[in-house]
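In the two assemblies presented below, subunit A is common to both, partnered first by subunit B and then by subunit C.
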Partner chain A sequence: MILRRPLLWAILLLAALFAWLPLRANNVALREDLILVAVAIILTSNLNLMIGYTGYVNFGHIVFYGLGGYVGLYLATVRGWHLVLAALVAGVAVSLLAFLFGIGILRLRGAYFALATIGVLVAVQAFVSNFEPWGRSTGMYVSFDAYAPLGGPRHALWTTYFLIITVMALSLILSLAIKSSKFGLGLFAIREDEDAAIVLGVNATVHKAIIYSVSAFLPAVAGALMFFKNGMIDPSIAFEYMLSLEGIVMLMLGGSGTVAGSALGAGLYERLRSYLLTSPRLSEFHLVIAGALLLLVMRLAPGGLIGWLYRLVPRSREVVE
Partner chain B sequence: MSGILASMIDGVLIGSVYGLAAMGLSLIWGVMDVINLTHGSMIALGMFGMYLLFTAITGSSAYFLLIPVIAAGLVLGIIVYWLSVSWVIGRPILTSLLSTFAVNMMVIGIGTAIWSTSPYNVNFSLPGITVGAYTFTGNHIAAAVSAVVIALLLELFLYRTRAGKAIRAVSDNRDAAELMGISSTRVLMIAFAIGIALAASSGALVSTLFPFTILSGAGYQLKSFVVTVLAGLGKPFGALVAGVLLGLLEGAVSPFIAVSWIPLIEFGLFVLVLIVFPRGIFGRATA
Partner chain C sequence: MTDLLEVRGVSKRFGGLLAVADVSFTLHEGEILGLIGPNGAGKTTLFNVVNGVYKSDGGTITFQGKDITGRSPDQVVHLGLARTHQIVRPLSGMTVIENVIVGACFGREYQSMREARATALEVLERVGLASRADTSARSLTLAAKKRLEVARALAARPKLLLLDEVLAGLNPTEIDLMITLVRSIRDSGISVFMIEHVMQAIMNLSDRIVVLNLGRKIAEAPPAEVVQNADVVEAYLGFPDIVDKLRGAQPQ
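Take a look at the complex of A and B:
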């Protein structure tokens, strides 16, 4: 039973804290900091489903977030849909697209798949930059009256914030639920030895296509919410390659394959990144530091922070998943 | 009609530079089963290496400066090898992808800090050849010739020297090669250094053709992946041929569509080739 698992309650507590802390003092700056952490957690925990659970590296994970942003923004502003409906439809649409892509590129094993995901990112970006209804390379803006159904801009920002916190909690709960399911065990089997898994009756192609599609859903919803909140979208910010790559750093830092690790790594790295980007002397070196961090973690602690905790306190494995 | 022909010839000239870049990726991939994700940043460093040398040494021909760029590429290759590759040999492919990728981030980060992301160019031009209404620029011809010469030198090295033979032996079967007394760690290091030098030299050649930024390497990295799978792994000379083919294709379609669509076509080709010809068009029928 998922209800018996301590991590579930920890996730709900985390979400409640995220919602309550900025609201209590009406602290907008804190809200903006936390929203970035929440988005990082959403992206990393869903990326974990591919890298950590299935053993397939997705270098272009950000493509789901960006496409979700585009579909959501298009529906919410041009078509005038309610934000929640637009975000959900964006999630479904991007998941379906991912499923179709997945059937094609998941026939590729291991490293070839990883290269194909770079290709997906480049190809989608090329497509969107040339797509007239989405404003080509100039992108789209949210007109001011799109905020009206949510009770005006000020109110709309808080609403999107709470929605993103909800998506964050759902992402972590999804990871937790998959981890203990039969489906999840199939994924782990593919990660450990795909040929052996197939021999033992795991339908690898279907498993991989489903998890690729599932890992697209919540990032796409988050993209729709986040770009609506930001008020604009264009191809270079929607498909920021570096953000896609930093997601991998976050995951490795926290501990690939663990639910708590994806959240911890995302939270820590996002705070570090914000600190580096705002510090006048270090802002240009944040990629260098990220790269060095990744190299160090891989060399010294391949299991990330959670792997380190497991080694230090072996019993923690039962609580921290 | 003749316009398309001219565009295709130009495509072939540029394609040989793509081929040279892909040779570096293909050599490393084939010999040590490592997908080198520092490839793009090494191409970019080749561009800036050429830029720095060309502005420092006035009056020299840009193409003679390839020699110091290649030498620097070899040294850089050894450094990158020890930093990110030496300890991942034989580990899951995920590890080497991430470790080379980490170095890539660091190089791009340092490069951005030094040169920002604004465009640079190497201000050097050779007289071109005019045929009818079309002129083929001298730089494109010289770059293609340089690429072919470097490719031939590599082929000579691999098939006519003892070190080259050792690289091929390790590539075919590392365990058997070790039993024959070949030090595989040293061979891997040499092969990696050569791969990086090839990437850097192709970057240096590109810098004489187009303006470039520190991020330009990424596009050529994607092209290198496409070319490498077209050619089949570990076939450096096949990579040159496949690079020329890709250039030809780009030349043939570029009069009809916007340049920004080209990545989409290349990616489609990449996936299609991988699915239809998993061992490459020039690959062996059996493993």
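Take a look at the complex of A and C:
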């Protein structure tokens, strides 16, 4: 029973804190900080479904976030749909697309799969940069009218914030639910030894295509919400390669394959990154730190912070999943 | 006796090498069928073709009256045909019991996680690994890993079990335990098809033996007849009259 698992309550508590802290003092600066942390957690926990659970490194995970942003913004502004409906439809559309991509590229394994995911990212970005309805390379803007159904811009920012916090909680709960399911067991078997898993009866093709598609859904929803909140989207910010790579660093830092690790790594790294980005001397220096951090983690604690915790306190494994 | 597995004219080619050449045989329900042959004879390749790891280049494979030629390994397991690997392949990052639960969950009965745990405990008890259930599969000895291979396959609740050299690399005590286990598996109603190099064991265990050499079947007979077969002796020892020569060389 998922209700009996301590981590579920920790996730709900985290979401409640995220919602309450900025609201309590009407602290907009804190809200903007936390929304970035929430997006980082959404991207990392869904990336964890591929890398941590299934053992397939996706270098182009950000493509789901960007595409979701485009579809969502298009539906919400050009078509005039309600934001929530636009975001959900964006999620479904991107998931379906991912399923089709998945059937193709998931025949590849190891480094070849990783390369193909970069190919998907580059190809989608090239397509969108030339796609007339989405404004080619200049992208799309959200007109002020679009915020009217949500009670005007000021109110709309808070609404999108709460929606993103919800998506964050759902991402972590999804990871937790998959982890203890039979489907999740099949994924872990594939991660350990795909051929052995197939001989044991795991339909690897179906498992991989489904998880690739599932890992696209919530990032796409988050992309729709986030770019709507930001008021604009263009191909270079929607498909930012660096964010894709930093997602991998966050995951390794926290602990690949663990729910708590994906949240912890994302939170810590995102705060560090924001600090470095805004400090005038160290701007752009954060990528050097990201690289060094990744090396250190791989060398000293391949299981990340949570893996390190498991080694220190073996029994923590049962609680901190 | 009904036919459980029927292999007809199966071949497998790797580039210019014909690894399995037009092999036919039948496995009856309830029997232990041995598969022997010198190194490189195509034994493991034949296993891989039967359980669908490789696509055959011609021929048909029928299991329980159903044509399974060209089906993938996961589909074949669901029909009740499970196997072990010659070179053990534990899911190293998982515990022993988790390995077996995978076998039960995705086996013939598609058990739920709850049922699978019960099955896994029962099977681990049976192969003598119950005390190691919660240890990491990585930390097992080779003998224990071989037992884990058998346990995972048994958890699938198969009708037919393919065992690929489960005795190789074991010490005499471990071999005796494994032989007892294989017998008990057959007694519980699961037919066994096994590759083995430990001759004494396979001669004792098997009801019948299929002999492969250079991809071709050169004999299919009960153990006592196989050891008398001139082709088999030649395949193993080089030339047919060596048996007589060796006998002649022995002090009277």
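We take it that the second predicted complex is superposed on the first by the 321 of 321 C-alpha atoms of A that agree within 3 Å, B and C clash if a C-alpha of one lies under 4 Å from a C-alpha of the other, contacts with A are read in each partner's own complex, and residues count from 1 in each chain.
Here is the rule we use: a contact is a pair of C-beta atoms (placed from the backbone, for glycine too) under 8 Å apart; a residue touches a chain by one contact, two chains touch by 3 or more.
Values in this document were obtained by computation on a predicted structure and should not be read as measured data.
In the three-chain model built by superposing on subunit A, subunit B fits alongside subunit C with no clash. In the superposition on chain A, A:G104 contacts subunit B only, with no contact to subunit C.
Of the two partner chains, neither subunit B nor subunit C is touched by A:G72. A count of residues in subunit A touched by subunit B and by subunit C gives the higher number to B.
Once the two complexes are overlaid on the shared chain, A:L245 sits against subunit B while remaining clear of subunit C.
Once the two complexes are laid over each other on the shared chain, residue contacts for A:L115 go to subunit B alone; subunit C is not touched.
Look at A:F285: by the touch rule set out above, it reaches subunit B but stays clear of subunit C.
Of the two partner chains, subunit C is the only one touched by A:A197; subunit B is not. By the touch criterion defined above, A:K182 reaches subunit C but does not reach subunit B.
For the three-chain overlay built from the shared chain A, the minimum Cα spacing from subunit B to subunit C equals 6 Å. Residues of subunit A that touch subunit B in their complex: 51, 55, 57, 104-105, 107-108, 110-112, 114-116, 118-120, 122-123, 125-127, 129-130, 241, 245, 248-249, 252, 284-292, 294-295, 298-299, 302. The touching residues of subunit A, when paired with subunit C in their complex, are 180-182, 185-186, 188-189, 191-193, 195-204. Residues 35, 83-84, 87, 92-95, 97-99, 101-106, 108-110, 112-113, 218, 222, 225, 229, 258, 260-264, 266-268, 270-271, 274-275 of subunit B are the ones touching subunit A in the complex. Within the complex formed with subunit A, the subunit C residues making contact are 51, 53, 72-74, 77-78, 83, 85, 89-94, 98, 101-103, 105-107, 112-113, 116, 152, 156.
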